[in-house]
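The letters A, B, C and D name the chains in turn, as written, and every chain counts its residues from 1.
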Amino acid sequence: MASAPTSFDPGLTQQYTGPLLRAINKDGSFNVRRRGVRSLAGSFYQHLVGLSWPRFLGLVALAYLLINLIFAAIYAALGPGALRTVDGHMGLGDFAVAFFFSVHTLTTVGYGDVYPLGMPANILAAFEAGLGLMGFALATGLLFARFSRPNAQLIFSDRMVIAPYGTGLSLQFRIANRRHNVLTDVQADMMLMTVEQDSQGKLRRNFVELKLERKKVFFLALTWTVVHPMDESSPLWGKTAADLERLQAEVLILIRGYDDSFTQVVNTRYSYRWEEIEWLARFTPAFDVAPEGHIVLDLARIGATSSVREL
Amino acid sequence: MASAPTSFDPGLTQQYTGPLLRAINKDGSFNVRRRGVRSLAGSFYQHLVGLSWPRFLGLVALAYLLINLIFAAIYAALGPGALRTVDGHMGLGDFAVAFFFSVHTLTTVGYGDVYPLGMPANILAAFEAGLGLMGFALATGLLFARFSRPNAQLIFSDRMVIAPYGTGLSLQFRIANRRHNVLTDVQADMMLMTVEQDSQGKLRRNFVELKLERKKVFFLALTWTVVHPMDESSPLWGKTAADLERLQAEVLILIRGYDDSFTQVVNTRYSYRWEEIEWLARFTPAFDVAPEGHIVLDLARIGATSSVREL
Amino acid sequence: MASAPTSFDPGLTQQYTGPLLRAINKDGSFNVRRRGVRSLAGSFYQHLVGLSWPRFLGLVALAYLLINLIFAAIYAALGPGALRTVDGHMGLGDFAVAFFFSVHTLTTVGYGDVYPLGMPANILAAFEAGLGLMGFALATGLLFARFSRPNAQLIFSDRMVIAPYGTGLSLQFRIANRRHNVLTDVQADMMLMTVEQDSQGKLRRNFVELKLERKKVFFLALTWTVVHPMDESSPLWGKTAADLERLQAEVLILIRGYDDSFTQVVNTRYSYRWEEIEWLARFTPAFDVAPEGHIVLDLARIGATSSVREL
Amino acid sequence: MASAPTSFDPGLTQQYTGPLLRAINKDGSFNVRRRGVRSLAGSFYQHLVGLSWPRFLGLVALAYLLINLIFAAIYAALGPGALRTVDGHMGLGDFAVAFFFSVHTLTTVGYGDVYPLGMPANILAAFEAGLGLMGFALATGLLFARFSRPNAQLIFSDRMVIAPYGTGLSLQFRIANRRHNVLTDVQADMMLMTVEQDSQGKLRRNFVELKLERKKVFFLALTWTVVHPMDESSPLWGKTAADLERLQAEVLILIRGYDDSFTQVVNTRYSYRWEEIEWLARFTPAFDVAPEGHIVLDLARIGATSSVREL
């Protein structure tokens, strides 16, 4: 790789010892963990924003149940005189009365069929009503943040291909927008990460940018096949599948675009390792034309390839 | 088009078979449909954000009615002992009592003139009150997202004109800001999409960027006439109306600007097909000067043209 | 102005007839009105976001009063049997009872001391409670939008000065950040708008960009004096105060910066007309150094100048 | 510094008298105070957004308490007939009844065990319920703004080092992302601020940009060591620790990056003074490789250095 572009560190490390996992996971996260992270309110919030919907809703339900159980326990501990009901026991035990009174208070529904008597119960209810409002304010923000985050939008072909290109070869992957909204000014960066032994026998990661035939498209309405020509200036020039395996090659990808419906810049990371590269294949079109003239994009075919017999 | 700028794919496709609809619809969407889209919570939310106001409000009202009907049916199914009223039947039937109790609970208004008795009714009401708060949190986010989206802001002339320009011709369209806020750093891109048969007789779309006399204006306070000079370097050089029809010419337009009151970048797509081009015409001013010195922009005249007799 | 930079239209118009007001008002708005604007929900919302606080709060209070009066009138029209009170007339007349019941419903406070009887009153109350929630969702969004808008942040010197610069002159204005947060990557653009008669005796606006000594500062922590050197390449070269008046000169200014605490790009427009230019003066420092070593910026002195006796 | 890059003012001032504190504090704020700031609603809001969590929550609790005390005082002043309880004195004194009624109203919980009688109490309660909704809308916006602000994200090494670099020296600092989310397109700017006496013996601040070996990394997943080579073109060429002290050298730093989970541009300022520079040292790696192949970044070691014996 003597005459290849100089290596640089794109923000991961070059020096390391021992085997490493892939640099970028399939969800765009990095295989990096942090120690010494102070617990930050913002981090917790971000965690809640990033959860899957079933987990998020489960957590909300659990928190709702737990908070009411805790308050119910305190109301119940204040004794039977702390809560007065307008209708005997309402068909419920003492704890259940306390629990549902807590619900009425936390949600501010406040029917008034149960109400607090005496100082301690009233103070507690005043605190719970305030807490309920703040908790609900938090939930509003969380829901909004979850929905207004343009995540998981791009779909990548499951493999890269090495396809004929002019008289040589090229390295390609294909993306599409999973959603119906439009991405504009979509831009791609591709980097090759390899592992080599330095002169002292230590392993070093090398990072080289891979030049693209086209770095940017105006809009991503259908699919975009991003192409790196493996010409003489490429660090992949003359490399074989065996070479890439020996170098533990991983292709790091960064896609940026402007999301029209979120009016935000969207940023996606992805990577392919050497074993996810298909040699001598081409992507086949992932769309059909409907009789009425619409183009129908089939997301399931985004990674569809056909092999190429020879150059 | 031998010496014209090279063709490239701006994110639509080049290869296709059979007749195609226009690439970009008048609302800025593309004539592309997706198959295999997993239902994403975010997509549903985006759909609600993108609905027209009457449809959105209708949907909210319908959801409010339906949810209350469902809860009312369950409360009613629990039997007459599940809900106690302070005042006989309140002039209502059993189902109506259950329905309005559901309303009191979902909205957290909780008058207390009806209240739940026994475990099942209380649990259901606790669930409904929590659901009401989450639903309302969702509505808050949706309303905010709907209002804070800078959409439908630009108005385009209904046709392009081919107007005299220096000693030759130019292709022009005109835009204005429909709202009173100000767009700054407004930038335009224009592309020509044509359809041609390749050497094997297959149809191919060609995309060529059209150079603009001015790509950017500092602010869009009045109107902006975007001009592509049809000089020798233009793929439109020497073309006639018949040529454009044969080539199924469609001019794709991308406008970006910074919206001052939303403090966001705004991005609009538009297109004109060959039949929306008026040959040998000029745009006439779309504004008057009021006696007090104000400029009065008449949005209805944004597409007003006068024909030009000869070059 | 023969060898001066070519004129261009920055988004206002060149052609006009009759006297015109200044192009940009002191609040950054343009002297342009729109005719044929369809009433857009978004525009109304933007209007509410842009109102001053006293007007906004007044409008909210008025809407609250009006909506309750309307609902009260309908409840009252349903007759005395529509609303039942737990406590006689509660010391109020029929209409007042209806009014306060409406308040209890719209705000979802729902004490239950008044509650609806019969179908019509219950349906109306169900509608009002839903409306109250939507109205409150709207208010939440409006308050958030109002607060999270980084407006009115820059303060401009009230006049420009023409100050000595090297062996010649320069046109200068000064800005500061009115708030305690920090603006970074602040960038300025300056344009000269003049009015001249063309060969057919028609008035035309000319727009020329004025080159700046420094277009950008890393951060705006104190003041920034933006300087246009009036050298030979400047359209102001050799001009006198009388020239500028005759040309109805207006200097249009566009400032962009990144607001650290709103994490948004901020965009401010301003303009100075010929009568707001002070010839042969300099800005005097607008800050002092406190004994403890802090720099104290005095916003009242942002426009402070001292006159220069001679070149 | 004769052949060094020309000095410029990055937005602080050059002219000053007397001793000055450091330009940029460790929290990224500037040592600048403002006089003549009109109290702006937005500034107050920003202040609330910027408070620490304990202070913010304390303030919210205090406001909740105070508002209820004020309303309670007015209800109590209206006399015992203004509020009716369904249950004698509910085990409370008159003022306590008024206080808890205020809570029920402000939070819209409205049990109805206490309710207002007569015009004055009803009007006051209607006002308080409206106020409660607006206050809660404000709290929702504040919570959202607090959480969605990508602050305090970067961690800087506590000192800069002057480390061997090729055959010479370089000035370095190191940063890492404190959170688990990913920053992309991270860009750094470094400036040297020195104080020198001008020809008239007045002190002047000089600002010179320091060129970086690499201005930008694609993503900040681990650590980034930002390096200024102290070569012949550097204003630090040949300088000693004593020189930097005499010049009161302060290195101003501006880092920008795109935050993937907030989908926002993040902007951080930092500075090091001469006494925070360690001569002849290197940063030691701040990460280990876990047995499973993860990289484990230890934030506590971000500033870890080892001294270098000689060049």
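The criterion applied here is as follows: a residue touches a chain if its C-beta (ideal position, glycine included) is under 8 Å from a C-beta of that chain, and two chains touch if they have at least 3 such contacts.
None of the values given here were measured: they were computed from a predicted structure.
> So which has more C-beta pairs touching, A-D or B-D?
A-D is joined by more C-beta pairs in contact.
> At the interface of chain A with chain B, does the proportion of residue numbers present on both copies reach over half, so same, or stay under half, so different?
different
> Just curious, how far off is chain D from chain B if you go by their C-alpha centres, in Å?
It comes to 37 Å between the two C-alpha centres.
> Using Cα averages as centroids, what's the distance between chain A and chain D in whole Å?
26
> What residues in chain C touch two or more of the other chains?
86, 104, 108-112, 136, 140, 144, 149-150, 262
> Quick check: in the complex, which residue numbers of chain B touch chain D?
These residues of chain B touch chain D: 108, 110-112, 140.
> Sort out for me which residues of chain C touch chain D in the complex.
53, 60-61, 64, 68, 86-87, 90-92, 96, 100, 103-104, 107-113, 136, 139-140, 143-144, 146-152, 178-182, 184-186, 214, 217-224, 258, 260-263, 285, 287, 289-290, 292-301
> For chain A, which residues count as touching chain D in their complex?
Listed in rising order, the residues of chain A that touch chain D are 8-13, 15-21, 23, 28-38, 40-43, 45-46, 49-50, 81, 84, 86, 104-105, 108-112, 115-119, 122, 125-126, 129-130, 132-134, 136-138, 140-141, 144-145, 149-150, 189, 191, 252, 254, 256, 262, 264-267, 269.
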